[in-house]
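Both complexes below contain chain A, partnered by chain B and then by chain C.
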Partner chain A sequence: MKYVDEFRERKLIMNLADQIRRSVTGEYTFMEVCGGHTAAIHRFGIPSLLPPGIRLISGPGCPVCVTAETYIDELIALSFISGVAVATFGDLMRIPGTAGSLSEARAEGADIRVVLSAYEALEIARSDHDLRVVFAAIGFETTAPGTAVTVLKADAEGRENFFILNAHKVMPPAMEEIIKGGSQIDGFICPGHVSVITGSSAFEFIPRKYKLASVITGFEPTDILSSILMLIRQVNNHNPAVEIQYNRAVTRTGNIKAQAYMNEAFEPCDAGWRGLGVIAAGGLRMRDKYKSFDAGASFNIEVAHNETETACICGDILRGIRTPDECILFASACTPHHPSGACMVSDEGACNTWYKYHLHE
Partner chain B sequence: MCLSVPARVVSVSGDMAEVSVGGAIFSAGLQMVENVGVGDYVLLHAGFAIEKLNEEDALETLRLLKEIDDTMAE
Partner chain C sequence: MSEKITLSHGSGGRQTHDLIRSVFAKHFGMQEPMTDSALLAVPSEMIAFTTDSYVVNPIFFPGGNIGRLAICGTVNDLAVSGADPAYIAASFIIEEGFEINDLDRIAASMADEADTAGVKIVTGDTKVVEKGHCDRIFITTTGVGILRNDHSHISYGAHIKAGDKLIINGPPGNHEVTIIASRKQLSFDVPLTSDCTSLNRMIKKVLEQSSGVHFMRDMTRGGLAGVLNELAGMTACGIMIEEALVPVEEPVRGLCEILGFDPLTLASEGRVIIAAAADEAEKILNIMRSDPAGRDSSVIGEITLEKPGRVIVNSSTGGRRFLDMPSGLLLPRIC
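Entry: the complex of A and B
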């Protein structure tokens, strides 16, 4: 496949690994923020190609993993209202809320439908005027513009039976929170697809304010290894900056049209991240002019806001403080089939990835 | 859900396109991209094309990687 195979060429990979070995002069810890990077790093066996001095840790960039348990509870409450259907991305289905998952609610008769996009949810609303459709709007800057496009379409056609339960989040404030929280890192493998939208400029505060190395990275093995090499050089030369390795998709300014859609429908707000707490300006809320599409404002749902007490350490894992194998539930009480925490459910979650690729080492 | 993949545009109708990911066909909203036609590659993310991939930059990245390759061979 074009834009994939040529970036997986074995010889190029081995040469990059060799360059990295020659460039290392000490110990380095780099955080990959994006869940897509976590999955790619382990799927391609990147850690096995690196010298012992380099440690890669996962960050908070799996949207499903940072979704609050009470958000799942709210979706479930909505799905049991007569005449309401909840439309969701598939990976939210098995995330545990405080009292069960969407998957379990569907088995009990709730109307919950899996969709591939916000637009597909709107199409369900178009095809059945008596049904009120609530789209579970989660995700970062990559996903929020698609929700915005869909809300604007629904608005333009005067649709009254389409809503979103919004939990969109934005990445740079969460990265700042990680730095301030004391995670010991030398640099960031910055999210590639968030940067497609925001542009690399959204991350320039990291080297400027915190003197940490930063490289916007693609998702193929040569991309990831090239970025690690660039990060090492930034650290060695004491020259932190935001470099773009993934230049076939990312520019400094980003996708202006996507940003315009996002800004039309949403405005920044404080938001609760599972494991990280409330992050100032870490989320997006619907602007007042589109409030009629906001399920939170349109339906009267109340759920108890008690976080469940378990031994799950997803929060520490999302902050890069601990790794999945340090959790007593990992691979015993918590497995992909019976997950205790969100990081075990999603394909982009650190625990799920560790379970798949490192359990039998 | 948060993964984006390179997809080839197969057909365009208004602001929607059909795109191919290794032969599997998906629909993609084109609202956020400009000047996209059949044969172009876009990044598909949750039902929307979020960017058109830049072939020149992709080739430049590969050229630089091969340069490392040549240096190593010397």
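Entry: the complex of A and C
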């Protein structure tokens, strides 16, 4: 397949793996922030190509993994209101809230529909004027512009039966939180798709303030291996910087138009991240002029705000402090078929990936 | 206005009888007088017996429809058990308002596929439910196949041993990707048709000419990953797959890249995986390739002593990974 096979060429991969082996002078720990990277790293068997001195740990970049349990509870409460349909990305369906998942709510008769975009949710609202449609707006800078454009469209057409339950988050403050929280890392495999929108400049504080290596990385095996090599060289040369390996998609300034849509609809706010707690400026909230589309403000829903007590260590895993196999629930009480924590549900979650590719290794 | 199914077509009265005669008996060739049960001659000590329900959405898709699928699926379940499919019962649940023309097309392609596979549709049932109580049409087919005693080990993989070669009869996933692309929601235009096919003639040739088949399974829901994990779990053997040898078609790879699916977990409706004794594998491969249903057959891996109970993939990029049983739901109602 054109533009894919070139980035998976075995000879190139072996060559990069060889260069990495020859560049290693000690121990290195790199965090891949993005869930898409976690999935790609394991799908292509990247760890089996690396020398033992390199440790890759997963960060907080799986959108469903960092979504608060109470957010799921709120969606479920909305979905049981007569005349309301909740439209959600499929990944959210099986995430456990404090009392069950959307999937279970649907089986009990709630109107919950799986969509592939915010725009598809708006189309449902357009096709049925008697239905009030609530879109579950989750994700980082990658999905937030799509939600923003849809809200602006709904506003332009004066739509009164479309809402979003907003839980959008932004990545750089979470990365800073992880550094300050004491994770022992030498550098970041910085998110690829987020950077397409934000540009590499959003990550420049990392080498400047914290002297950590940073490479914005694509999702193919040669991308990932090239980036690891670039990170090793930054560490070896004591020369931390933000380098763009994924330069076929990412620039320093990013997608200005998408940023403008995002800024029009949203403003920064403090936000609760599952496992990480409240992160200053870690989220986006709807600007006042679009408040009528905010399901949180338009529907009177109340859910108890007590997170469940569990032995699940998702929080430490998202911070890169511990790995999934250090959790006592892992692969026993918590499996992809019966997940206890969100990291086990999503295909991009660290526990799910470990379970799929590493179990019994 | 075209003729539609009404509740009275399921009443058991005159309209039911008329529908049975004008659609089902016409296509399936059932003999008058119609009795409550079909009486079957079975020249065997053992039979294979299976049932499956079909709820695919959309009901007509490139390369087939729900009726053809309902015959192929049940024929293949019998064939991969080592049996010779003989008789099929077909039961229909139809939503009020369904076009009789569409029902006729579905019944015609069921008859056509049954004829190709050499099975007889001998009995059936029709129910009609109120509008909104089912999605257009659901079909259940139940099949009986004649089983030779010396083929009864195949279902269980009882003769599996290290070194056995794993052979598939063509590229996996075409059915599921065709269904995904047929859903209006995604608006993808994919140059692909479903692989929906009866495999019993090809399998019969293999079983008649070789005693080296140690296991067979059709790769429906869960795809190659599902079948291989079941086999590994059932026999406690290890399985090694060479990803580069699995012949995935370009449109399937393309859609998988876009949507983040693994082709090894996608469903087919005319694909079988055979575990063959090492010294018979070449012969079995040639028999398969000589049949239209197996022209693109290839060896994709083997049974190993390494990592009992697990499936290992040597990825085409040079890395190694485990292949797990797929979990959750990629897409509902693909069959």
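Throughout what follows, the second predicted complex is superposed on the first by the 360 of 361 C-alpha atoms of A that agree within 3 Å, B and C clash if a C-alpha of one lies under 4 Å from a C-alpha of the other, contacts with A are read in each partner's own complex, and residues count from 1 in each chain.
Just so we're on the same page, a residue touches a chain if its C-beta (ideal position, glycine included) is under 8 Å from a C-beta of that chain, and two chains touch if they have at least 3 such contacts.
Predicted model, so just to flag it, every value in this text is computed and none were measured.
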Which of chain B and chain C A:Pro63 touches, first, second, both or neither: first
With both complexes superposed on chain A, which partner does A:Ile321 reach: first (chain B), second (chain C), both or neither? neither
Regarding the shared-chain residue A:Gly35, is it in contact with chain B (first), chain C (second), both, or neither? first
Partner chain(s) touched by A:Ser48 [first = chain B, second = chain C, both, neither]: second
Looking at A:Met1, would you say it contacts chain B, chain C, both, or neither? Reply first, second, both or neither. both
Looking at A:Glu120, would you say it contacts chain B, chain C, both, or neither? Reply first, second, both or neither. both
Which touches a greater number of chain A residues, chain B or chain C? B
May I ask you to decide whether A:Arg248 touches chain B, chain C, both, or neither, giving the answer as first, second, both or neither? first
Across the two complexes, what residues of chain A are contacted by chain B and by chain C? 1, 4, 39, 90, 116, 120, 347
Residues of chain C touching chain A in their complex? 185-186, 250, 253-254, 257, 260, 262, 307, 310, 315-322, 324, 327-329
For chain A, which residues count as touching chain C in their complex? 1, 4, 8, 10, 13-14, 17, 39, 42-49, 90, 94, 116, 120, 221, 336-337, 347, 355-361
How about chain B: which of its residues touch chain A in the complex? 1-4, 6, 8, 21-22, 26-27, 29, 31-34, 41, 43, 45-48, 50-51, 53-55, 57-58, 60-62, 65-66, 68-69, 72
Chain A residues touching chain B in their complex are 1-4, 6-7, 11-12, 15-16, 18-19, 34-36, 39, 61-64, 89-92, 116-120, 138-140, 142-143, 145-146, 149, 193, 196-197, 222, 226, 245, 247-249, 255, 257-258, 261, 347-348
